[in-house]
Each structure stands twice: as C-alpha cells, then as structure tokens.
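Presented sequentially are two complexes of subunit A, the first with subunit B as partner and the second with subunit C.
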Partner chain A sequence: MFETATQGIITGILMGAIYALIALGLSIVFGIMNVTNFAHGDFVMLSMYLSFAVGSALAWDAVATPLITAPLMFLFGIITYYLLIDRTLRQMYVVQLAVTVGLQILMRSAALIIWQAQPRALQYSFIQGNIQIGDFQILTSRLFSAVVSLIFIAGMAYFLSKTWAGRAMRAASDDLGAASLMGVNYHKTYALTFAIGSSITALAGGLVMSFQQTDPVGGIRFGLLSWAVLALAGLGSLPGLIVAGIIVGVVESLTVSFFDPRSRLLGVYAIFILVLWLRPRGLFGRR
Partner chain B sequence: MNVKNLFNPRNILILIGVGIALAIPLIFNASQYVMLLMTTVLLYAILASAWNIIGGMAGQLDLAAAAYLGLGAFTTGTLLIRWNITPWVGMFLGGLVATALAMLIGFPLFGFKVKELWYALSSSALVVVLQSLFMMWNEVGGPTEKYLPIGTSPWYSLRFNDYMPYYYLMLIILVVVLLVNRWIRYSKLGYSLLALGEDEDAVEVLGVNSQSSKLKALAIYAFICGVVGGIFASIYGYVHPAFFDTSMSMEIAILGIVGGMGFIYGPALAAIVMVSFREVLRASLGSQLAGLYLAVYAIILIVVALYQPRGIAPLVERGIKKAQTYFVELTRGRRADIKSH
Partner chain C sequence: MDVEPILKVTNLTKKFGNLVAVNRASLEVNRGEIVGLIGPNGAGKTTLFNAISGLYRPEEGTVFFKGMNVTNWLPHKICKLGMSRTFQVTRAFTHMTVEDTVRVGAYNRFNEKNVQDKVDQVIKVCDLVDIRKRVCEDLGLASLRKVELARALATEPEMLLLDEAGAGLNATELAVFMDLIKKLNQESQITFCVVEHVMQMVMGLCQRIVVLDSGEIIAAGTPNEISNNARVIEAYLGKRAVHARNQ
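For the complex of A and B:
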C-alpha cells in the first residue's frame, strides 16, 4: 500500500515535469498572445511523429531528435502563425476556436495519411533501464526527461526576464499599445512567441518518445492535460507551472495505480473542474 | 398579410427545401448508402441547430454534444436490452437523463460564471470523462458493442431494415428543432440570452437571472441531443463508449459557428452543405488514402472560418435580399415593400 503510493508519486513527479514542459508551450502562447490554441496537444502529437521519422531514418536516439525537430516545429509555428493565427487576432473569439479546431483535424488526418493508424515507437533509448533506490524503481528515461524539462523551463524563465526578445514578448502581453509605441513589432513578436511555443512541443515530443509510442489521436490527451496544468497553475508563474504539472502527474499516476488504468484522466479532470469552480485564476495566477 | 407576400423568395426557398427533403427517399430509395448518408446529414443538422440555442444564442461555447448524445443512446439502448422498453419511450427518458446531467454540470458552472474558453474546455472534458466511465461500467457499456435486439415488431424496437423511416423521423425532429429555435429566439428567454451575450453585468442589473436563462438553454439543448442519441443507437443497432466522441462534439460547434451564429437556419444549412460535402469526399477519396478526405474537409473549414467569419447565413441573406428586390420589381411592387422586409 505505502510502497505502491510512493512508487506512484515518484512516477507522477517525473511525468509531471514533462507535463509542465508541454504546458509551458501553451502557457506562453495563451499568456502572451491571448490565443487559445485548441490544437496544442496535436502539436505534441506531430512532434512525436517527427521524432519518430528522424529517429528511425538516422538511427538516432529519441532524446537527440529535438536537435532536428525543434527547428522544424519552429518553422511550422511561424508558417501556422502567419497563415492562420495572425488572421484570427482581430476576429471574434469563436473564429479562433473554429480555425484551431480545423487545424487540429488537419494535423490529425495528415498524421493518418503519412504514418497510418497503427501506433509508432522508436527503438529503446540508450537511457533505458532503471535506478534502484531501496524498494523503489526510477526509470532512467523518465528521470532524464524530467531533468531536461526542468532545466529548459528554468532557461525559459531566464529568456523571458533577461533578453530583449523575451522582454518584448512580456511587454506585448501586458500592454500591446504601449509596447508598439516602444518599437515592438507585435506581428514579429507574436510570430516568435508562437514559434517558440511550437518548438517547445518538439523538445517535449522527443522526450516523451523515449518511453512512449504515438498515434494520430494521441493529441487529445496531451491537449486536455496541458489545459488542466495551465488552469491549475494560472498565468504568469513558471514555478507555478512546475508545481501544477507535478500535481497533475501525481494525481494521474495514483489514479492508475490505485483505481484503474482506464480511468487515468478522471482524477485530472476532477481537479480541472474543481479549479474552474473554486479558483478560476489558478493557484499561482496573477490574473 | 396578403397573398402576394406569401410568395416572397424566403417562403419559396423554404417550400423548395421541404419538397426536396420529402422527395429524396423516393429518388434514392434504391441506394441504402445514400439514405444513410442523408440521415447522417440530418443528424448533424439537428445537433448543430440544437447547439445554436446554447452556442449561438446563450453564447456558451459548448463542446459536449456527444456527451448528451451518448447518454441518450445508452439510456435508450440499455432500457431496450435489459427491460425491453421501447425506444419511443427510451429516447425521451434518454433526453431527460442528458438534461439531468447537464443541470448538474451547468448549475455550478454558470453559478461561478465559467465562460468562453474555460466553459468550452470543461464541456469537452465531460465527453472524455463519460467515455472513460462507460468504458469501465461493464453492465451498461464496456469495450465491446452491446447490440439492440430486433424483437418481434420493428416499430416497437425501432429497428428497421432500411433507412427510410429513420430519415423521415430525423426530418420531423429537424423541423421541430428549427421551430423550437424560432420560438426561443422571439421569446423572453431568447431576448434575455441575446442581451446576456452583449453585456452580462448590465443585463443582470436589469433583473435578468443569467444563471437560470443559460440553464434553460442548456437544458433544451441537452434534451434534444439525448433524444437524437436514442435514435442514433437504433440506427446503428448497438451502443458503445465510442459514441462519446470529442471530435464530433467539436464539429457540431464548428458547424454552428460556420453556419452563422444566431441565424436560425444557419447551423442546419452549414451541416447540410459541409457534411454532405465531407461524405462525398469520403466516398471519392476515402478508398485511396485514409484521412485525405478529412484533410481536405479541414482546409475548407479553415478557409470558410477565416474568410467568412460571420458564417454562411449572411451570404444567403444577401442572396435573398437581391432576389427579393428582383421579385418585387417583377411583380411591380412599390419600393416600400422592400424596406418592410
């Protein structure tokens, strides 16, 4: 009982760090541009497929594939921004929903056309195996992914607060008009923001591919998971994002080990709904 | 109202539409495939029109159509399988079950003023939650299909060998749902809902209870989805947790948006145009590459949403206006007639 719980919490914390990374991409896009990207989970799905393609073509390890997939997803983000998102900024809110859901259907069917319906996985990663601490096991691939995720989130916090581009992004989120007067070109800033958000999913996708497989409808799970993390964390706090990611990961992992693997998302949604009712701006949100 | 006004382009269009809808089974009866396709189109038209009440009028971006549809299907199916209760009763009970859950969810959500994105996400999550629950609930759902018995009389068990009865049943429901839409639109509830969409706080000050208005809209929408779910189960002859389909729910909302929010016939029109188009694409492209038809369909959805953000109904309105002008001039009407429309 105690052992199962501890093991579940350990697994949950490690997964939670990756969920925080996935939610970071969404948080940047939603927090800075106020764009609701319903296709975010499918960006992760596409990234995982790209990792699969690169990893199997070059016989690379999954965790190395973001070296190629991140620039690709960056490009994909820029194209998506100028082709679709930029045109929805001045429209009614529902147009954004319609366009990003359309994008979601498009990405899903594109994955189905290119990689067919069966799940795809890469060869075992070099970081396979596990570390034994007492009675508990830690999968090395997950530990590695969690550490990389945390380092990346810290790096992103530095980028947003210390570099000119990062400051421009935050300024545009605080007051678009004033930022424009200070010489921030919001089209460029938004394109950069969206592309960064999109390339973060490439990193996350590569990490997840080191221990999971991907299929064309896998985006639903990552999409709703990252919205749940974001709702819990609130906007504007990166440490909050990590805590929220870990809470979601632990709840998911405990539901699986104590209740039923098929119910893995139920606990997560219970939290999600409760947060919406009781604390709409999240645990750490500034607005 | 004089006789001349009865023959305005709008009424003629409605008459032609109803005529075509009634005649379609007589033309295509040879092909069951086309009948199923047309029945599916009507199903989407009903759901999108029902969505118009909560989405278009109440302004709540609901993404849970399939949750209520699935509840209706499982209620109807389980009642028939276990207790041999006819779907004619089951579908209404299904509607009530769907409404009950909607109230349970909607009461706190509207009370806490959960709106826009967050309402959309929580309703979308509801579909996934129900799917997981019914996947685990083996007595009613479970991973294998539960088949509805045909029984002695197809009329009792609502299980026909061909799709024609379903088609007419769906057509009747569509007409009813459109009339309900029209009735709500010009009732006190409709005006309250539209005003809430403009400025919720101001309207509340004037004495409109936003929570109860939205709850009424949600209840009507959930009830329609639940009833249609009962027929959905009868058409397919089984119930399965895959009925709780997030993509379908999103598609319903998109049809409502693309149709033109707030236009009574908009969502139904969008469903008829887009879903027929999707099925034609599926028939012509589906055999070559799985997923290709959906990709083309998605691109068209995106293009319509980007370049016709108010929906396709305003385009039709413009067409009708032009026809009206032409018509009035043709029958030597005065200019004042045009303005009165």
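For the complex of A and C:
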C-alpha cells in the first residue's frame, strides 16, 4: 500500500514536470495573446511524430530530436500564426474557437494519412533503464525529461523577465494598445509568442518520445492535461505551473495505481472541474 | 527651422456606428509648441488622440506627422517616427515594475546594451528613483501619471500627446508636473499637445488652444482669445452665460 503510493507519487512528480512544460506552451499563448489554442495537444502529437521521423531517419536518440524538431515547430508556429491566428484576433471569439478546433481536426487527419493508425515509437537508447533507490524504481528517461523540463521552465522565466522580447511579450499581455503605442510591434511579438509556444511542444514531444509511443489521437490527452494544469495553476505564475503540473501528474499516477489504468484521466478531470467550480482563477493565478 | 507644422490633421472623421465622435476636425501643431486641446466631456478629444496616434482608423481625413502621411499606420510605426503619448485612464503595464515599464518604451530606440542609461536618465527626470522597483499595480494615480510620462519619454519622442495628465493631481503635484513639461519643452525641444480639463494647467502651459465640441473644432487661438470666445463659453456654460456676459 505505502510502497505503491510512494512509487505512484514519484512517477507522478516526474510526469508532472513534463506536463508543466507542455502546459507552459499553452499558458504563454493564452496568457500573452489571449488565444485559446484547442489544437495545442495536437501540436505535441505532431512534434512526437516529427521526433519519430527524425529519430528513425538519423538513428538519433529521442531526446536529441528537438534540436531539429524545435526549429521546425517554431516555423510551423509562425506560419500558423500569420495564416490563421492573426486573422482571428479581431473577430468574435467563436471564430478563434472554430479555427483552432478546425486546425486540431486537420492535424489529426493529416497524421492519420501520413503515419497511419498504428502507434509509433523510437528505440530507447542512452537513458534507458532504471535507477534503484531503496525499494523504489525511477525510470531514467522520465527523470531526465523531468529535469530538462524544469530547467527549460526556469529558462523561460528568465527570458520573460530579463530580455527585450520577453518584456515586450509581458507588456503586450498587460495592455496591447499601450504597448504598441510605445513601439512594440504586436504582429512580431504575437508571432514570436506563438512560435515559442509551438517549439515548446517540440521539446516536450522529444522528451515524451523517450518513454512513450505516439498515435494520431494522442494529442487529445496532452491537450486536456495541459488545460487541467493551466486551470489549476492560473495565469502568470511559472512556479505555480510546475506545482500544478506535479499535482496533475500525481493524481493521474495514483488513479492508475489504485483505481484502474484505463481511467487515468478520471482523477485529472475531477480536479479540473473542482478548480473551475471552486477557484476559477486557479491556485496561483493573478486574474 | 522647420516651417511646416510637425503635426497636421485635415478633415479627420471618426465614427462609431452612427455616432460621429470626431467630425471633419483639422488642426496644426508647430514644432516646439505646447498646444492645448480642450472641450466638454464627450467632445471627442480622446478619440482624436487615438486616431492621431494610430489606435483608431479614421473614416475620413489625413494625419501628417513630420511631413509624412501616417493615416492608418500601425501605432508602433508612428511611435518609431517620434510620437508618443499618455492615457486619460492610466495604462501602465500593471504587472511590471516601474523600471521594466519604462524599459519597454526605451527599446523603441535602444537595444539591450545601451538601454539602461536611457532608463536611468528618464527615471531620474520623472522623479521615480524611489519607486523604480515597485510593481505598477501597487502605485497611486500621481505615480502612475509619472510612470506613463517616463515610459513615453523613454521612446525619445519629438512630439508627446498628453491625455489629461493633470487629472486627479493635487495642487503641489500639478505644479511639479507643469514645471517638468515646460522644462522638457524648452530643454529637449519636445512638442506637446495636451488634452486637459484642469484650466490652471491649460492656461499656464499652452501657447495655443484648440477647442473641440461635439466632435467639431469650434475655435482656436491664444489662451486669452479662447477665454473670451463666445462659442467656447457657450459650449462650456450654455447660451445663457454668453447672453449674461454681453449685457
């Protein structure tokens, strides 16, 4: 009992750090541009397929594939922004919703056509295996992914608070009109924000591919998980995002251990609904 | 010496649905001037400012700034050309520190390497040294007005639009603010166009005043001319006041 719980919590914490990273992409796009990207989970799915493609073509380790997939997803983000998102900004909210849901369906169908319905996975390499601590086992690939995720989130916090582009993004988030009257080019700032959100999914996708397979509908799970993390964290706090990611990871992991592996998202949904009901701005949200 | 006005607005019209907020307004501001834009509430002063600075797209008319037709330009391009502004309802970046807020403005002309000197200079000029690390949402109105002025100055404008920068300030704060604007006008050669309700500020600062009523410009002239203009008194106080005065 105690052992199962501890093992579940360890696994949950490690997965939670990756969920926080995935939610970070959603969070900066939503927080800065006020765009709700319903296709975010499918960006992760696409990234995982790109990792699979790069990893199998070059015989690279999954965790190295973001070196190629991140620039690709950055480009994909810029194209998506100018082609689709930019045109929805001055429209009714329902237009934005329709466009991102449409994008989600498009990406899922494209993945189905290109990679077919069977799951794809990469050969594990240097980070395979377990680390044994007492009675508990830690999957090395998950530990590695969690550490990389946390480092990246910290790096993003630095980027947002200390660089020119980060400050422009925060200013645009607070007051777009005032920011653009002070010389901030909002098209470029938004395109950069969306592209960063998109390339974060490339990093996350590469990390997840080191211990999981991908399939065309796998995006739903990541999309819903990141919404749950974001709802729990609220906007504007990166440490909050990490804590929320870990809570979601642990709840998911404990549901699997104690209830039923098939109902892994049940607990996550339960806290998602509870938070929306009891504290709509999230545990750490500023608005 | 530039003979052509730094700002020239011709027949500008801005509508919101059926409401004509600004109706064929024309005005000129010469380099180095401090021009006041006054008028009763709802006269269209802020709308005119928004159309000039690029926040609104006017239905008709043109805006020339430094000899270039900037009508329908995006705000950040007009800012790059040398125009900046403050807001009637303060719009500092609420979640950023004073220093970061000012820095966003300074990036208009400076890069990461040399931005700090500009930030320090503007923070000193606007008397924000003590609160430079504070977050904007914690500040009072007088401080926020200074932060907005600092942010606008950091963009190194040749022309500054101040939208009711004196509103809500007490007499001491107002005097300090007016001195600062006069100093900036004389020493940094910044041209000002100020929307203002505080008459003490309008009369004390402006060389020329333009009066807007119901979206139309009804008078323009020196402070003295304006305070004796019958249409202006009518717009502010009603017809009876003009009548009483003429008797």
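Operating definition for what follows: the second predicted complex is superposed on the first by the 287 of 287 C-alpha atoms of A that agree within 3 Å, B and C clash if a C-alpha of one lies under 4 Å from a C-alpha of the other, contacts with A are read in each partner's own complex, and residues count from 1 in each chain.
Just so it is clear, a residue touches a chain if its C-beta (ideal position, glycine included) is under 8 Å from a C-beta of that chain, and two chains touch if they have at least 3 such contacts.
As the structure is a prediction and not an experimental result, all values here were calculated from the model.
**Q** State whether subunit B and subunit C clash or fit side by side on subunit A once the two structures are superposed.
**A** On the shared subunit A, the partners fit.
**Q** Looking at the overlay, what does A:N185 touch: subunit B (first), subunit C (second), both, or neither?
**A** second
**Q** Name the contact category of A:S263: first (subunit B only), second (subunit C only), both, or neither.
**A** first
**Q** For the superposed three-chain arrangement, provide the angle subunit B-subunit A-subunit C between C-alpha centres, rounded in steps of 10 degrees.
**A** About 90 degrees between subunit B and subunit C, seen from subunit A.
**Q** Would you check which partner chain A:R167 touches, where first means subunit B only, second means subunit C only, and both and neither mean what they say?
**A** In the superposed model, A:R167 contacts subunit C only, not subunit B.
**Q** Give one of first, second, both or neither to describe whether A:G236 is in contact with subunit B, with subunit C, with both, or with none.
**A** second
**Q** Between subunit B (first) and subunit C (second), which, if any, makes contact with A:L224: first, second, both or neither?
**A** First partner only.
**Q** Once the structures are superposed on A, label A:G177 by its partner contacts, choosing first (subunit B), second (subunit C), both or neither.
**A** Second partner only.
**Q** What's your read, subunit B or subunit C touching more residues of subunit A?
**A** B
**Q** Closest Cα approach between subunit B and subunit C after superposing, in Å?
**A** Distance of closest C-alpha approach: 17 Å.
**Q** Just which bits of subunit A does subunit B share with subunit C as contact spots?
**A** Touching subunit B in the first complex and subunit C in the second, no residue of subunit A appears in both lists.
**Q** Which residues of subunit A touch subunit C in their complex?
**A** 161, 163-164, 167-168, 170-171, 173-175, 177-187, 236, 286
**Q** Can you list the subunit B residues touching subunit A in their complex?
**A** The touching residues are 61, 108-109, 112, 114, 116-118, 120-122, 124-125, 128-129, 132-133, 135-136, 246-247, 250, 253-254, 257-258, 261, 289-295, 297-299, 301-302, 305-306, 309.
**Q** Going by the contact rule at the top, pick out the subunit C residues touching subunit A in the complex.
**A** Against subunit A, subunit C makes touches at 53-55, 74-76, 78-80, 84-85, 87, 91-96, 100-101, 103-105, 107-108, 111-112, 115, 151-152, 154-155.
**Q** State the interface residues of subunit A toward subunit B in the complex, per the touch definition above.
**A** 36, 38, 84, 87-88, 91-95, 97-99, 101-106, 108-113, 116-117, 216, 220, 224, 227, 231, 260, 262-263, 265-266, 269, 272-273, 276-278, 280
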